[in-house]
Amino acid sequence: MRESLRLVVSVLVTCMVAATGLALTYAVAAPRIEEQDRLAQERSLKAVMPEADGFDAVEDEELIKVATSAAEPATLTAIYRAKRGGSEIGWAVRVSSRGYGGPMHLVIGLDTSGSVTGVSILSMNETPGLGTKVLSEKWFLAQFVGLPPGFDDQDVRALDVIAGSTRSANGIRDGVAAAGRAYDKALQGREEAANE
Amino acid sequence: MDIVLIAKAVGALSVIGLVTSAVLSSAARRFHVEVDERVEEVAAVLPGSNCGACGNPSCFAVAEMVVAEELPVNACVAGGQKVANGIAAIMGVGAGDVAAIVSSRHCGGGGSCIRSYGYAGVRSCAAANKLAGGPIACSFGCIGFGDCVRACPFNAIAMDERGLPVIDLEKCTGCGICVRECPRGQIHLLQMLPEKAPVVVRCNAHDKIKVRKGNCAMCCIACKKCERECPSDAIHIIDMLAVVDYAKCTGCGACVEVCPQRCIDLYGRDNDAVAADGAGATCGSDETVKRGA
Amino acid sequence: MTAVSQLALLFIGAALVNNILLTRFIGLCPFFGVSGNIQTSFGMSLAVVFVMMMASSATWIVWEIVLAPLGVGEFLYIPAFILIIASLVQFVEMYLRKSSPVLYRSMGIYLPLITTNCAVLAIATESAKPGFFKMNIALGASLSLGEALVYTLGVSVGFGFALLTFAALRERLELAPVHRLLAGSPIAFLTAGLLSLAYVGLSGWFGL
Amino acid sequence: MSEWLRVFRQGLGLENPLTVLMIGLCATLAVSTQLQNALFMGVAVVFVLTMSNVLISAFRRQIPDQVRIPIFIVVIASFVTIVDLVMKGYVPAVYQVLGIWIPLIVVNCIILGRAEAFAYRNPVGLSIADGLGMGAGFCLVIMLLAFIRELFGTGRIVWFDTTLISMPAGYAPPSLLLLFPGAFFVFGLMIAASRWLNERMASVRAPKGGAS
């Protein structure tokens, strides 16, 4: 019996020492990690709304539910309200749509009137060299900027695609169209309410 | 500041550590398998090559069954008498005699056999045999890519310069894997013979004599000279091929001398007329190749 | 999409489209070590399927009951999961040796090899705390136990399938006339490259 | 001191974990798409391997034999988690790419293999040599592989946002090299090349040696 006790104790001691060491490292590293995540978040949103200086996530359950249902079949993951100097200047919508090699995570910036201010890709798994042309072909993402307020799926469909990576390009177009729909259904109503 | 975090972390990991090591140490005791030390000894005596000749997956399985008396002491065919005696000593039981057998090749053609097409594929007899019956014209003869050489767990077989597998009778344990592995094993290209079989017919052909002679210079032409010559009536021409009845054969070697094709070789484990590596091949050696080419 | 077709999609996606060995590069150590012949590969695949299923369920349960509620999961999941997998493998090995020696002989000898198998830890972490293979599962969506098991079954079957196909290829390679510099492991790598090319071809099959 | 050097050189050449022992392939092939990432991976492996070797060989008498595997694993896992947290906090861009491969260092066959085969049986000094040697061997091969794949796969080597070398303008990079099959091809050819190199070195040395 004493022998197996010695085994259990030695494993226990190792676990305790390891756990304490890791907890301490985590305590030191945790603030840094949050800081980095927030910065990364900030950078991705600022990419689509250059003139905004602050973003705060929208928590209003009911609004998010309406927007998510409007954004089908793409899945809407988050909505942020973009602000400059305290006043609201538009929205940043995070959407994930289906590309060639799997889900593509995008961020679409919309100003208060509903026209697109920018589109950026957070992560995707497209085939290097083909699917990644949506990134390397500068004109592709730029063509979405300036979509008129109240644009709908047909306007997005009218924009051209990249030869050789249609499915990846369609993925991005679906994302932007979804953001447009979400804006019409949910955000617009929200904005009028704020004005009265 | 984060004492709570450390406490929770230490708590979580030590719970997992505790549970896992406790389970392990109790399992070590409960599942302790008491191994009969005789099994280890018997396993040590067995050849340990898991050849499967005795029909069991591995020698360790045989050792366990022998100790549990489910298998006779001389179960190991490959090990032969030596192993049987060793096991009997461990088990304290009398060792029965083991019918020792060895493998033999019924073909003398090899390089001198006519090729029906040039083969450049995977160098394995099984693969070549599937391609229109193999690259050699004779559909009973040895293709020579050495599947038997690779399969033999006791590496008792080696290819000679004629491209034919030569079986070293000292190392051969009669496990029969080469016969199973050879694509023409079922039609007795390789065949298990009693270890004392004094002669072996180096031909396996059953097609017509004229066709046979066209394909290979070393074939048996069923001239019946050996049948008439044999004093103990041990060799007969059956289905146009000389077949030896090893019960009657006394090993006088009369048939070897009289065969015009020199297609019968001396053989057998302790037959001193046979070269150490059991080749003793007169058939297919140089002067017959010249005559037959 | 009904729940069943969702699971079927997850299974096929994990087994073929995102095959863990040939399109994710995880678990290569045994892939080149064991695939010398088909019998050993078959034994290895059986053992991997068996251990992965148990490992994933164990890690999923420990994550839900111990690590997540305490909130220490973020930095403790590596030692905790690998500790569970190592003791699980040792436990299975002892249990097998006792209960069925025949099964132990055909499958048991590979078990210690599996503790150091990257695939088991990768999938155990993935089913408990999805996030790395963003391609498979939407970012951050957590898996229910059923989904985790189907996902693990898909991955382990994919692992076995890739291992067996590669073992068959390697057995033929043994006999093929190969240049002396390429003989042995280099030709094995080149063949694995071609095999992985075939699996990568599947990637456009359907988006997950 | 020479013993120390012998063990160190062993890890680099004779028993190079990747080309000779063929272990620890998982991370090598996946991460070697960029030289910079390969460097971080190599450094991470060296750190974890050396630190765990030191700790294990320091306590090798206290660790009971029956439970040595769980204890090794907890020690290695803790060092890997430290690397994981430090990278997530201070070098997030690289962590984004290396992601899954950092935790997988724990089951990397090199580290557990060396801990069991070497550290558990040798004093601390030698274990450090073995850790550094093996780690350096791993680092060398993974960076060579990454250099080839990045240069030929993308046409230029980007090292901390500065382009070190770039292929001539007309070069159309075959993106296959960046994909998984490319890694297998390049690694296979690399082993063949190292064999060819050893043969030539042996043949160059042999005639001179033959005379004596």
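Chains here go by letter, A, B, C and D, matching the order in which they are written, and residues are numbered from 1 within each.
Keep in mind that, in the parts below, contacts are C-beta pairs under 8 Å (C-beta built on N, C-alpha and C of every residue); 3 or more make two chains touch, one makes a residue touch a chain.
Here the structure is a predicted model, which is why all the values come from computation and not from measurement.
Measuring from the average of all protein CA coordinates, the nearest chain centre is that of C. Chain centres here are C-alpha means, and the one lying farthest from chain B is A.
Inter-chain spacing, taken between the CA centroids of chain A and chain C, is 31 Å.
Work out the mean CA point of chain A and of chain B, and you get 68 Å between them. Computed from the mean C-alpha positions, the centre of chain A lies at a distance of 35 Å from the centre of chain D.
In this assembly, the C-alpha centroid of chain C lies 23 Å from the C-alpha centroid of chain D. Within chain A, contacts with two or more other chains are made by residues 7, 11, 14-15, 18-19, 22-23, 25-26, 127.
Each of residues 72, 75-76, 79, 83, 86-87, 90 in chain C touches at least two other chains.
In chain B, 5, 8-9, 12-13, 16-17, 20-21, 24-25, 28 are the positions where the chain touches two or more neighbouring chains simultaneously. Residues of chain C touching chain A in their complex: 72, 74-76, 79, 83, 134-136, 138-139, 203-204, 207-208. Here chain A touches chain B in the complex through residues 4, 7-8, 11-12, 14-16, 18-20, 22-24, 26-27, going by the rule given at the top.
Residue ranges of chain D in contact with chain B, taken from their complex: 66-67, 70, 74. Against chain C, the residues of chain A that register as touching in their complex are 15, 18-19, 22-23, 25-26, 75, 77, 96, 98-103, 105, 123, 125, 127, 167. Listing the residues of chain C that touch chain B in their complex gives 62, 66-67, 70-72, 75-76, 79-80, 83-84, 86-87, 90-91, 94-95, 97-98, 101-102, 105-106, 172, 175-177.
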